[in-house]
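Sharing a structure below in structure tokens format, with a few things to ask.
As written, the chains take the letters A, B, C and D, and residue 1 is the first residue of each chain.
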Amino acid sequence: MIVPLDEGIRELVHDGDTVALEGFTHLIPVAAGHEIIRQGLRDLTLARMTPDIVYDQMIGAGCARKLVFSWGGNPGVGSLHRFRDAVQNGWPAPLEIEEHSHAGMANRYVAGASGIPFAVLRGYTGTDLIAQTPDITTITCPFTGEELTAVPALTPDVAIVHAQRADRAGNVQLWGITGVQKEAVLASRRALVTVEEVVDRLDPVPGQVLLPARVVTAVAEAPGGARPSYAHGYYARDNDAYQQWDAVSRERETFEQWLRTEVRGNARPAREGGRT
Amino acid sequence: MTTTPRYTADEMMTVTAARFLTTEMACFVGIGLPSTAANLARRTHAPNLWMIYESGTLGAKPDTLPLSIGDGILAETADTVVSVPEIFNYWLQPGRIDIGFLGAAQIDRYANINTTVIGDYSDPKVRLPGAGGAPEIAASCREVIVIVRQNSRTFVESVDFVTSVGHGKGAGQREQLGLTGLGPTRVITDLGVLEPEPRTRELTLASVHPGVAVDDVRATTGWELQVAPDLAVTAEPDEAELSVLRSLTGS
Amino acid sequence: MIVPLDEGIRELVHDGDTVALEGFTHLIPVAAGHEIIRQGLRDLTLARMTPDIVYDQMIGAGCARKLVFSWGGNPGVGSLHRFRDAVQNGWPAPLEIEEHSHAGMANRYVAGASGIPFAVLRGYTGTDLIAQTPDITTITCPFTGEELTAVPALTPDVAIVHAQRADRAGNVQLWGITGVQKEAVLASRRALVTVEEVVDRLDPVPGQVLLPARVVTAVAEAPGGARPSYAHGYYARDNDAYQQWDAVSRERETFEQWLRTEVRGNARPAREGGRT
Amino acid sequence: MTTTPRYTADEMMTVTAARFLTTEMACFVGIGLPSTAANLARRTHAPNLWMIYESGTLGAKPDTLPLSIGDGILAETADTVVSVPEIFNYWLQPGRIDIGFLGAAQIDRYANINTTVIGDYSDPKVRLPGAGGAPEIAASCREVIVIVRQNSRTFVESVDFVTSVGHGKGAGQREQLGLTGLGPTRVITDLGVLEPEPRTRELTLASVHPGVAVDDVRATTGWELQVAPDLAVTAEPDEAELSVLRSLTGS
């Protein structure tokens, strides 16, 4: 249940998988994303509502074949340059995209978590997303005749999320902004959770989401594993790092330099995850 | 000798946007200019403005401007934090939100908004972040206010991609599409305020900011801009507004 | 916002309304139900997943024209005799019934809370409920062709729930087993919340549901207002009272005697609600 | 001189049901006999039995028997408490629950269950509580165990109302209806244990409790009851089981 991060990635994530590293600004599983880069995984379909800099890094490192998303940017800063370079120039590899709105993606996870093949919402109507994304269609209410929108369930092979704490049995506790993480875990076949710490006992916290151990495949300790995003109650968002990413990522050369020194040459998060 | 202007064009824009928010309103706040304007309103004339960020924070009362829609300060100060599916399904979709604040990379004469791509979708000149919550904010909030700097790259005859529907192809189209909210009722720029003409829904210049000529606005608009018969001049920011705004932005 | 209970009922509930007094074993709005009886409301459509003794009392008192429900019983004890008498013998008035499963009712509230006209679930398939309840139909997944079940949104005129606390602005806080109360409130046009106490400040509690003041039409203080059910952190379930109800309710005479002495002749809960 | 039996028929039934639960299983527990059996199992051979009550308590570990599915002790001792929509949509519907425990007012030869009405639906002889969570528990749990006292009013040729589908009209029907779980795999009564015959899915007597004759079971069954070729005699409750059970029920 509790495994080192590198082992967790090796066991749960395989080339060609659909992988959802979720986290809505808060608790982004960055250490896990870097371990995926280090292990050289390829042809992944990356799903996430808000791909930000860790997906930019994974795309730039050549892990991704496709991105399923609803908003891809550097929050509060601007665009993602590696994402742009992949979409606009096919570097380092062409990137297929499947694009939704937040409401659509959230409901796709909800349908997946609920074990039903689609979700119904008021959304997308009149937008050009419908023409570009095959997975958006209309559905008629059988009672009122009203036309609404349907999107298919999103059921990744593996969900990866970061949380504040787990106990030794693998029950996971997260709080603060909890985003769509519960739904992503429940919608996926497998789930890896990185945590700030493994504790003996999970004392209840207001606003917590608890993921029972039986829906978690593996837990890896990765203190600081959400940096430069934040872990409510542990450390704050490193806003400077987000600003700095803009410069690092703008050119392929500076990005590759960063990749060599900060990720490939640095297995620290993985080792930390293993040392409990 | 030139005098230093008392305020910048961005400050004029932000203060103008803030003034359209009234206390007790529920406001769906995007990051950047919308967040600055909403936080300014809450600190001045609208102390009970109920700010919602799409990260799930209902009634956030941040004491500093958040950099992202999911900063910790939003969760810490909120009345309650809900999941992302809940914010969209239980709060936005049923029309519980009075005002949605949106930005735009392109906007057309019917206030349709593009935040997806410049150029062709499959071979883009510039790939932008995409939709996020905007399509449903534009569809379901009772009203939408757009805040965007005015220039001819942004104010275009026709957007390259409709990410969020404003007034579609004109009058009656929102109703035809079954969109429940009123759509964009105001577009606030650094030059003035545009509003849909009630009959045609075409964006029309309703007011210019002090010192701005109508021709300046026309020159930065990609369609032949109509001007309201009762064109106004926007009221200047007062000292209190500027002082609160500057304490927020640190400028 | 904060009103006496009798005023809250008078303002929000009218003859002929569809009313949902929700509460899943815990926090059942009994005081509000008794006030409805005292005010002599008639022709109500009563909606609730688990109509128990307070609905038995309201039905016996002649308030209801129709019951929309999924399980009608005295939990842990047995059947509801006044409900049975109404269904089997039309006493004191005929009672139309519209019957669902829990999963169906819960999803009907979810659809109502979400502002969409129907919900999709795996449910009812092969059961005789489909033939008896017109509001159950099939829907085909537009992506997989799979057939699922659809139920229409439930959107009561008024939801009535009981909670532990509210602040003076009308924000409501409940915790423990929170059931379907949030969805019932959000699905309804108006909402009345009775609370154990009105406080200056709602300190967060693990597991809480917070109903923001803007979705609550009125709050009435009604200490003990959930008895004989319970209010987590305030008082325990009076299991004896549930047992005793079986005897009281079995015959019309003993029921009417109870109604005279315990409800009609006793406006205590309403007065308590007003005295803050 | 007659000897006092060491245990009652209800105790025999409850202990038998408890034995079918293994530790680590996720079990959807109804109130009454199912709850007693599940709590007995958790206190004896299945300490990690994960008990779910439809009120939303996941992993409840009550130290006394709850009277209702929503007693405070369930919330206080649970791993977490979720909303009622969530328990049905996120936990039951996707097939995350191993065992569903159901009772019955009537049950037929294919283990279809009636808890709605005796007699005609629109003019009932006896109006029962209704469906509750049962139809979806019967549909979506990986397996269903039914616990019910055996008598000819309950074990009928054909139920008056199908509240929860067992094996429908026989083999293949669950698959045809698209029901994801296996359906009832055991019916445990105060006389013995019935199991669906693998080929026909007809409930067949698999074991009798000690001292019960096959004819006793036949006499209380409303259809011509088939008996398994390898009919067993249920093992008696042991002292530990009885002592824990009696401490639970206070008898």
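Keep in mind that, in the parts below, a residue touches a chain if its C-beta (ideal position, glycine included) is under 8 Å from a C-beta of that chain, and two chains touch if they have at least 3 such contacts.
Since we're looking at a predicted model, the values are computed, not measured.
**Student:** Write down the chain pair with more C-beta contact pairs when B-C is set against A-B.
**Tutor:** Taking the two pairs in turn, the one with more contacts turns out to be A-B.
**Student:** What is the distance in Å between the mean C-alpha positions of subunit A and subunit D?
**Tutor:** 41
**Student:** In whole angstrom, how far does the Cα centroid of subunit B sit from the Cα centroid of subunit D?
**Tutor:** 58
**Student:** Report the inter-chain centroid distance for subunit A and subunit B in whole angstrom, where each centroid is the mean of the CA atoms.
**Tutor:** That pair's centroid distance is 29 Å.
**Student:** Using the touch rule from the top of the page, what residues of subunit A touch 2 or more other chains?
**Tutor:** In subunit A, residues 114-116, 121-122, 146, 182-183, 207-208 touch at least two other chains, as defined above.
**Student:** Please list all residues of subunit B that touch 2 or more other chains.
**Tutor:** Residue numbers touching two or more other chains: 80, 89, 93, 140.
**Student:** Draw the chains as dots and join the ones that touch; what shape do you get: line, ring, star, complete or other?
**Tutor:** If you draw each chain as a dot and join those that touch, the picture is no line, ring, star or complete graph.
**Student:** Per the touch rule above, enumerate the chain pairs that touch, sorted by label.
**Tutor:** Result for touching pairs of chains: A-B, A-C, A-D, B-C, C-D.
**Student:** Inside the complex, what are the residues of subunit A that reach subunit C?
**Tutor:** 114-122, 135, 137-139, 141-144, 146, 148, 150, 152, 204-208
**Student:** Tell me, which parts of subunit D touch subunit C in their complex?
**Tutor:** Subunit D residues touching subunit C: 31-32, 54-57, 66-72, 74-75, 80-81, 83-85, 88-89, 92-93, 116, 121, 124-136, 139-140, 161-165, 168, 173, 177-180.
**Student:** Enumerate the contact residues on subunit D facing subunit A in the complex.
**Tutor:** 26, 50, 58-59, 79-80, 89-90, 93-96, 140
**Student:** Considering only the defined contacts, which subunit C positions touch subunit D in the complex?
**Tutor:** 24-26, 49-50, 69-73, 75-76, 79-80, 83-84, 87-88, 99-103, 106-107, 109-110, 121-129, 132, 146-147, 176-180, 182-183, 207, 209, 230, 232, 236-237, 239, 242
**Student:** In their complex, what parts of subunit C are in touch with subunit B?
**Tutor:** 113-116, 171, 182-183, 186, 208, 210, 212, 214-215
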